[in-house]
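Below, chain A partners chain B and then partners chain C, in two separate complexes.
Here is the complex of A and B:
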């Protein structure tokens, strides 16, 4: 009873959202029970606020204010608008799986293009299918916090992808989240499982259709990279200027596997990408990188936990933030080395470039080390553009803005270069350049 | 070194059981009744003959403390402290008025002798002409304000300091003799509402040191205090206040040892530093309180709030610490860089062995223009200890031109210990330039091989590497302390090398 009394207005709004949405959420019986339990867990914790250490710099009680009601099913007009928006985040050759306002839209998606060795189903279909015993397991995660619990309770759809052992996909898979509704929220969750020695490229993009504003996205992606598998994973957050995007990633990497992950945030009023990566098999190679491009009053948060649970793994993290106007960039990165994870090699670097006097960058790189035979380190810097470099370029005839753009591009390049796949690298560079164009 | 059984065995045999300073002095002492209440606060205040305003100040802190909760964010784990099971005041029973060192309880003097504190020697130096060939005593002089449990027993060098205009006395005396200074500065850096332990200290602090250096004066000697917890089940709550007025300079040394105990003892000190325009304060600490035995029993709980306020322009505060003792260390000496062009420094060596838990670091708050700070932290974890660096560097929106450099390195000896780094770096304006780097590793096998191949034993080789590892910080210590600190480091790591 006390819990109910202690609720803030925001949380009461969430309660209402769950109560009203309940009948529309897919799945009955066990699934509904799992949802109810998750919502209870969420209610106990409440919306994360600055007194919760992991959310110190991203106070959702202040930034989200209220939780928007669940978006309705997109109608034909919405789907047409969504189709137009897809162009904004198009990657050459990628097979698209499109979720509009949290609902999978087959007519915009190209499952057939993917070929053999891969199965794609929608989460909604599995949750609703009473014959599937494992359906409520899809809602359980190894790591959880308040926003993941909220996602479990409210999730409407997503895709469940499984790549068979030894399959090398010829085309990238791209999940595109398109928002068409305004002042509504979408809760999505996708599972991607790579079998042994499989190879794949997986892209996730967030984009707004024309006219969509003040929407909220809460997404979760659960990834398994099998033994000896290789995965390139790219995320692009290009939401509307007044949107909220809270995304969680839960990643498990097997033995002798390779994961190359890159996150790019360039849209949204408030965005947070929190990813929890467990290196569960020996001899794996992890590279997690990202850039935040923020302006106006944008708030961009990247939170990363790399858990070295076994020996002989290597991890590299490289983050860059460019913050203009009154933007606020947050990077929190933690490398954990468990007691038996000897011979771990972990390095993390985070750098922020502040372009305006009102910009803010908060960095919190952490090391948590319980094994002795390791080499771990992190570095963090923040500052403005180098005056002497600017002068050098200006003396050679570049205007102030061009000189700045050139230096910013070089600065971002240090992280973008870490993307293993060349076409993805070029795609990200082009997106970054577009952001710089607008600034000019 | 791979974690061979031999290493593990040696770590287990570590020196914690043979704690050098684990002896107990049997002298009568006068205690306040056990537990904490308004009466305890009044008792302490009355014992100290304090003026009414001081009592009110304490009571206000006590009432505030009742509403506060013990912080749990640090990476330390200890059984819940029962604050009603602690004696908040213990003073050696005054036998008579002491006029000279000779009149002091010989038991107490003997204790200091065992600690190697040059109290007697210093006293002699003061009265006796130096022999031919001896170095100029002025250069090697240290003024000692010894705090034995809670009461300052003797203060040497008072005369010479008085000549320079420097006030150096127990804070209880300062409250009576210089109320205007104490009232102005006490609690101005660490307010009574600051944090759980600082508030507790504000309510029940019994003694500590007070230093005031007048404008333009360079304090003629290093000031020094030795703290020692002696009485069983007493918490020690010192309060230190150092004010460096315009253009002055003072270097203050603090050294700590405590006798072996089975019950954990609480220590919650507060240190406040105020540096006005162009002033500089250098504060050095060597802490080797009882860390607990090889089973992890006993040891001091050290919850300290240390903060310096660079209030004036071009002021500078520098913290240097060598932390080798205590079962739990919770300590974050900080600098508030308020004045334009002010500078803060933090040099730290934190060594943990046995079952020790260290959560220490610093805060650099850049508020003024063109302020700069430097953090060098060296953590060495051995045995089954946990060693955490936790630090904050922040530049306010108006702190243009703020500059920080941070390097925190950790060295792991043995595979049962942990080393953690938790830095917070907050830049709120574009002209703030922050650099931070941290590394964690064990001693490289190549380096060890190189040394042993040239005839050094493994222990010597590790000693060499460790010494090199901490050199940046040791160099910052005043000469007298550097020698003691080096000795301490080798003692605390003895046997941890395989």
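Here is the complex of A and C:
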């Protein structure tokens, strides 16, 4: 069967969306050409479906149904609504960079708060006016992933951040994506480059303004962590209950660097965070962790590829999913150890807690080891809350929901405690508690 | 009115009847020992009183302070003053002991319509009790019972008993897995809690524990019933003659 010919309605809709959006997408010449090529690449593959191994559990042909048209530029009323939503994911002291419906909004953002040693520009500005080499860089990706190709073709805006060598940022940078438009899509891409020995905390959050529903977000973040640099990266997906969020991360880590990454999904009908991390310099430490909190019919997918390309790096992955009702959590983690990457130390653990009989968790850890002097391991479990622990707590006076909440918090704590930054750890615990509060 | 009144209690687990018409009356201020061989239903009785799921009461009733205990959720029973010291206290990783103690104590107080403890009052109280039970402070910072020795787990149960001030304490095989020193510390803790307002039901296999916690009444259980009751002398007789006579009688 020729899959290219067997297009679904969804894919035809995407074609139309690109055709109609084309004139509104920033950048001409080389940029427009890059978009066209990316869209062709996307069309060859089509929307990912269950027969593509990496998307086995997250069949976008079935889950997305239709691709919404590109959201329009937010007007003043939309920006006012977006502003109100910022509170939901506010992190103390963070300098916010706000994208509303895929468009950077300077009046909600605090670039000036960031101080010296950092440059922040919008992607749109560079695509429209930047020098040729800068522009083509921004749309280059080495992956053949279809949703990233689609992102390249359709991206409207994002932020391009560069932190100078040796700079330690005094406050976190937070990109906040706010959706205000319903039944519309936003395509964003951001670049964050940490120079040598730079230190930064970078948060990315997704949230809906009141009344925004059935929207679709497709985001990509390209990260470079320079030699000797330290980056804390937190993601919080708190989208509307009927939204789709497909996010990709492409990360390159230099030598003797530290990256502490945490992904939290507690919103959205369908969400996928796929992150491809290459350890490209020796002596680096990578810690990638996350939690999925899913209920109703939510589908949350975390897909991780860690590529140990060089020797002497350490990677730790610790994921937890709490799934209630008919929720579906997916974790796919692949650790690749290249032939030269001796003395690699990699460990991955994923655990799912199923709170209802209809909840589902698919855990797929994979190790691909081509070196012979390495320490690698993985584990995966899924199960219900331990009845004997619940009874102990109830015999001590906790009602059923409170006893469950305490055990769920403890379960999530095993991943949350991996967050290096204490204030971010508290922020995530508070977000998790809010989710548990609603459950009660 | 009796504090606890168990009348003609019949209990099934899955398809098997474990208790076949058990009667027991416990008044405030009394200490009752329940002895009996393995499988006689001692632990089942303690679980049913505390409200553990998985037991089906097919007949009879349990009144606590005149109220129908079987109609209450386990947490309601705790708030009313029922405390079960577990034979095997569970380990709860990730839940710090201090946090657990405060959450549980305040949940009980809230259920009774009382004010929650302030943090300083709570800490003061926990420290006092912990000290008297020889429980080091760093144990309270660890996950509930995580990495505790058998003796430490039992002392942690007694600590909770002292903190929650229940009116009925059921001690399920408190002596199992304890050496003499650990047993003495735990028993001293229990004895300190004896009061005219509080009753205790001590479930044990061996007479040894009753040297430390001296009962007012001793009941012998066999095959799901109380087959003989007496005073502490009965425990000594059992130690000498064993349970076989009752197995035959029952």
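FYI, the second predicted complex is superposed on the first by the 430 of 440 C-alpha atoms of A that agree within 3 Å, B and C clash if a C-alpha of one lies under 4 Å from a C-alpha of the other, contacts with A are read in each partner's own complex, and residues count from 1 in each chain.
Quick note on the criterion: contacts are C-beta pairs under 8 Å (C-beta built on N, C-alpha and C of every residue); 3 or more make two chains touch, one makes a residue touch a chain.
Quick caveat, the model's predicted, so the values are computed rather than measured.
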item	value
Touched partner set for A:364, first chain B, second chain C, both or neither	first
Touched partner set for A:387, first chain B, second chain C, both or neither	second
Chain B versus chain C as contact partner of A:379, first or second or both or neither	first
If touched residues of chain A are counted for chain B and for chain C, the larger one	B
Partner chain in contact with A:402 - chain B first, chain C second, else both or neither	second
Chain B versus chain C as contact partner of A:22, first or second or both or neither	neither
First (chain B), second (chain C), both or neither touched by A:434	neither
Touching partner for A:413 - first (chain B), second (chain C), both, neither	second
Overlap of chain C and chain B interfaces on chain A (superposed complexes)	none
Complex interface listing, chain A residues touching chain B	53, 339, 342, 352, 354-384
Contact set on chain C toward chain A in their complex	50-53, 73-75, 77-79, 83-84, 86, 89-90, 92-95, 100, 103-105, 107-108, 111, 143, 160, 164
Partner chain A, residues of chain B touching it in the complex	2-3, 73, 397, 400, 410, 412-442
Chain A to chain C touching residues, read off their complex	386-389, 391-400, 402-403, 406-407, 409-411, 413-414
